[in-house]
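Structures for review follow.
In the two assemblies presented below, subunit A is common to both, partnered first by subunit B and then by subunit C.
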Partner chain A sequence: MGATKLLDRGRGSRSLPLLLAWLVGILLVLDIGARLAGVEIPLAAGRTFGGSMSVAQFGGLVWNGVIVGLIFGLAGIGLSMTYSILNFANFSHGDLITTGAFTGWGAALLVSGWGLAEAGTLLLVRAASGPSPNEIGASIIQAPLAIAIGVVVAAVATVLVTVAIDRVVYRPMRDRGGIALLIASIGVALGLRYVVQFVFGSRSRGVTATDGVRTTIAGVSVNLHELTLFVVALVLMGGMHLLLQRTKLGTAMRAMADNKDLALVTGIPTERVVTATWILGGALAGVAGYLYVLERGTIEFNIGWFLLLFIFAAVILGGIGSIYGAIAGGLVIGLVHEVSLVWISGDFNAAAAFLIMVIVLLYRPEGLFSGVTTA
Partner chain B sequence: MSDPEPVDRTRDAGADETRTDADVGAPDDAILRVRDLDAGYGELQILSGIDLDVGDGEYVTIVGPNGAGKSTVMKTVFGLTTYLGGTISFESEPIHELPPERIIHKGISYVPQSNNVFDGLTVRENLEMGAYILDTVPESRIEAVYDRFPVLRDRRDQKAGTMSGGQRQMVAMGRALMLDPDLLLLDEPSAGLAPDLVDDMFDRIDEINENGTAVLMVEQNATEALRRCDRGYVLTQGQNAYTDAGTRLLADEEVRQQFLGG
Partner chain C sequence: MSGEDRIRDGPRPDGGGSADSSGSVGGDADDVSAGPESVADVLREAIARAFGGHDLAIVLATLASIYGLFTLFVLVANDFELTTNTINAIASTLRLLTFFAASYAVLALALNLHWGYTGLFNIGVAGFMAVGVYTMGLLSTPPDATSGMGLGLPLPVGVLGGMIAAGLVGLIAALPALRLEADYLAIVTLGLSEIIRLTMNSSQLSSWTVSTFGFGTGGGSGLNLPARPTDALFDGGAGEALLTVLTGAGIRRSIVVDAAYTLVVVAFVVGVYWLLSRVGASPFGRVLKAIRDDELVAQSLGKDTRLFKIKVFIVGCALMGLGGILWQGSYGYVNPNSFRPIVTFYVFVAVIIGGSGSNTGSIVGAILFVGLLFEGPRQFGGIVQNAMDLGSAPATFAGAVGPLFGLDPIPFLAYALENISALQFVLLGVVLIVIMQRRPEGVLGHRTETAAAIDLGVRPEGNAPAARSGEEPTSRPDTTAAADHGGETGGDGDE
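Then we have the complex of A and B:
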């Protein structure tokens, strides 16, 4: 009886804030409805409920949310997989994203700008001054092949770096437990970031050409780079889904995420599955970094590190260990990040994204896709 | 697979000169031969000087008090503990220094006591994982497992984690049978099962054994296990105490008092 009472009290103290959160959520949705309908009800101190916002404006925010959400989700898949199969939170994942961005864009610029500047300058992603991004013409319109090659190089180069790091650092520590690996991964993150900075320089610079990238398809204005990101991300996510659900390797990865000891006695070659996990996670991280730069147009040595916190938020929100959770969490974080701009300034929207994560975790600690291990 | 005919396990009684007529010694055709085995976990030694044999198609049970090292024997055969000395040979090849994935290739499968299914995988996927070391999943083996455990066929697309204890145990055994092993290691197969399912589980183990698969089993339900097996080992404090036909161990007053609760 006492235990039941205690439980009830525990629930009671939590249900009020939950109610409040729902209320605020419903109000915000109503507010968006009012704004879209052009209804404006004055409140105190010059504030209004509702207002005016065009459908296109709102649609733009949602679209932006989907785009960043897909980046978070795509990069989050690898983070979630290494968490569930290797049992540690990999803080060097962000810098793998950066690695993919630089190597991929080095290749893309080399192909699209061949002959316009020294190969070294292009390969180092315009480390030195030289032709402008629009002169190099690295865009999906002017050099689709270069952009495609960049995707492949980003994936391959990041995989090589990821597997090398595993062999040198993580593999010898395999049985050391999550905390030791986590701390090692912070060291790897710093090391990798400074290598990238040393090789490619610390200057933030533009890389993509913008001529003709924004166009109109069927009356809707679209940014073709965002559309490319959207399509490539969806294809890769679909591919991961098929790989995990339909192939022997994917089933073995899910089996290992489920129960490592049993995987071992079943005869699953666990080290090979671990390597496959790094390869897939690294490839997705590299491509995510490359696509992120395609969308934002500029590159910098710490982009991945800044993304990492959002990716962790997405993965935790979705339920760590589940790739679908990573994707769903990424979209939620991305949408909140962008749509919150309706009410708050761009300086604070990151806080809104993390607030949502905290609220979800308070009431659903296991994340949105709980109990679905890498499935 | 060898000789599918039922063999009288007691035929070798007295073959070994050093044993008394009452002993049922290890058969000469042992596929698993453990000699003077020392093993443990890291620095901690659990087993010392273990001798144990399992004949081709034989059904052997290890009984003994809690903490005697029964499960450790099984884990050591499967390469899951720290090997400290002695020999384990399977079909005349030494296996005591092989990792589990190599031992599976030799024809031994192991069903752990708990957490022995992949909860997030479907029944069929669990079975497919059992045949991971093969290039393609043999459909005939899956069918054979379904024939042995028909409920698994009906539930092949269900996640194993959502099934009852008895059904999970069937999934675990089915997974271990996917490679048609010569020797099946079963660690407490009746643990956690409802009493009315225990008999059914023992019947199925009998069937598997009658099909020619040798079984080495650790069981808490010692009386039932000894009644059904060909031969039993009594283990105390990491050492062999006796081996004899299961029914004879059951009848032995000392064994009954010490290990079977009177």
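Then we have the complex of A and C:
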């Protein structure tokens, strides 16, 4: 394969930038340490090394980073699996996230707001004017059952959509190259996103109730929705770990990601494994979208698309094909996205996350946690 | 990039130098048989036969049919009354179509150089456009502009600077990125275009550069741009005289002024087409096609493929910058929202419809995309809405679907027409999928361009390929790149 050879050529030039990256990283960590300790050393042109920052402030940024990172990681698992098992970058993954968010919240609002408004309005996630989110009361405190039902519906609906898309679009193209599939997935992304807009409308609106969601547990102020996200995400990630390590399906999936031909020879029913991959990936993407909206409180038809590049960043950072890599990559990208605010303005924190992705792709395309393929 | 990574995995004439010379446009049955035999195929062949494969004829015919369609739209909307108003409406619609088609054609040609010729999967088109437009603005916008600030240099300096800057950004991206595989390159370029957009969008950066260097992008509130140079033509002399005559005949001033600029863009399309055709036919272009088909082979033949790719990337990016300037740079104002990734996908759709690897295809694709996918549905929706008098559309999907159960499709129809812009994107997505599944080679597929310096179709008698039909190949540029590298590697019959 030409590409591997080409990759080899660049290896010599790769160590220097990596060293530089380490240096910058260490400097930044030292700077945070100095800021937390309140040490300030003046440098040139009014810039200083260190400064002051409270532990709570820093802790807040880190917590935000973890929350966003879990979303990236959760959604990234599916993207990583389809990337390694089906061999293409799925640009429609972001819109699966959107699908999950809308269907899940439609169900959650229908349950929590039953009788308060027309069923259609609730099911369409407040497409028209009607009762306010606080009147509907979809929050983990006022309607935990509705929130739980929403998670399930988000997963199931997204799986149905994902499998249907696979049957119609990707299956006839199984033997085609990655680029043909990638372009088709861009088509799927456009179609799906604007079907969602057609059905649910283009308005950005609030969905979650906020009364009593922020409380104090053991002296620490927590947002219960973020806590819910944290718990659900961890449970699902743990479940994925068990599934991949302990079940026959998981072994088959790992085998296929490692070496498709060998898997075929060994008698693994590849088409069934592919379907299982879509089911798992779709379910996780749907739940990730649902939880993302739970945390941010508002929903619109392109939330998933805006997340896509971050998720790609997470998956690439962790090394394509590795679900642990996707999770770790998600956390790193999430932390970069939030903690970078210490140094740069909010105009650039997204750009910083993308920049990290580009750098990793250029200098370490096998990902930071390479060596661990699909496990 | 390996063979499977190519998008053009549709049926190809085999590479053993059999030089399927009479195939493609002339259309012998064998050539098409592997593809799905469909209405589109038959139609395409009929068209191709009618024009004998002359590129200009194909482009003009496409343009004429789109013009005809839209003229019909406007006439229907105006109940076929030929008043000055109707004529103005027709003129302004066709002018707009031409402008969009020409703008997309420049961008599609540039992307075709990357992707169609060299196989570089660049989905950062919007980013390179942004670099071009913004550099042009920063150089040529007067310092006292309402939003943003420029150096006030002459416009040609700005345009040239914009192209150079886009090319330079391309170089910086290309140096490391080109050793990546195709899908990684895609993600890197998409990421880069978003980084560029976010940078232009930063008001902090803008105020810093304004205070330090004396220019700035204006951040999210956008950047004022210099007026179109053609506008000044009508301020006196022959231009003003012409304008007086035309406005005297009832044509609106804005149409004339816009048309003048549109002609400039069309001239640029011709120029870029000419340039890229020359590049494609040159030895340089032959190496590019070899890289696309099999990079390893090109390397084995002693070509420094990386250098070739870098050069192509720079030229293509500069042309994307130019395309951006011609299009987004002509409104007198620009903001970062004009450079969202969707713009890149539009250009991609244009290239894919036309058939990657064909310059003529890129232009035809741009016309078809603008006519049928970009402007068409909106116009059509407007006409149906007016003609049918559906009453006010329901506000939500629920209100539209509910009556369907009572067998009343009117509210749903009204809702669909009201939200036709969303459906238009759905259509775009579906078209993309269908093309990838059924005709990855596009409308002008199988039309491969000359790679060999000599016409391999007219060879000494004994070596003539058996599959040749009776038709005379004439000047058709049909020899495939595959056939060419067959020749280069010393395949059959070239000694």
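We take it that the second predicted complex is superposed on the first by the 346 of 375 C-alpha atoms of A that agree within 3 Å, B and C clash if a C-alpha of one lies under 4 Å from a C-alpha of the other, contacts with A are read in each partner's own complex, and residues count from 1 in each chain.
As a working rule, a residue touches a chain if its C-beta (ideal position, glycine included) is under 8 Å from a C-beta of that chain, and two chains touch if they have at least 3 such contacts.
Worth saying up front: this structure is predicted, and the values here are computed from it rather than measured.
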Which of subunit B and subunit C A:192 touches, first, second, both or neither: second
Which of subunit B and subunit C A:123 touches, first, second, both or neither: second
Touching partner for A:255 - first (subunit B), second (subunit C), both, neither: first
First (subunit B), second (subunit C), both or neither touched by A:55: neither
Partner chain in contact with A:179 - subunit B first, subunit C second, else both or neither: second
Touching partner for A:217 - first (subunit B), second (subunit C), both, neither: neither
Which superposed partner A:265 touches (first subunit B, second subunit C, both, neither): first
When both partners are placed on the shared chain, which of subunit B and subunit C touches more of subunit A: C
Contacts of A:347 with subunit B and subunit C, given as first, second, both or neither: second
Touching partner for A:202 - first (subunit B), second (subunit C), both, neither: second
Subunit C contact footprint on subunit A (complex, rising order): 1-3, 5-7, 9-10, 88-89, 118, 120-121, 123-124, 127-128, 169, 172-173, 176-180, 182-184, 186-195, 197-202, 309, 312-313, 316, 345, 347-348, 350-351, 354-355, 357-358, 361-363, 365
Of subunit B, residues touching subunit A in the complex: 78, 80, 100-101, 104-105, 110, 112, 115-121, 125, 128-130, 132-133, 137, 175, 179
Subunit A - residues contacting subunit B, complex: 248, 251-252, 254-255, 257-259, 261-269, 371-375
Interfacial residue positions of subunit C with respect to subunit A in the complex: 1-2, 4-7, 9, 121, 176-177, 179-184, 186-188, 190-192, 194-195, 198-199, 201-205, 219, 294-296, 299, 306, 345, 348, 352, 395-399, 402, 416, 419, 422-426, 428-433, 436-437, 440
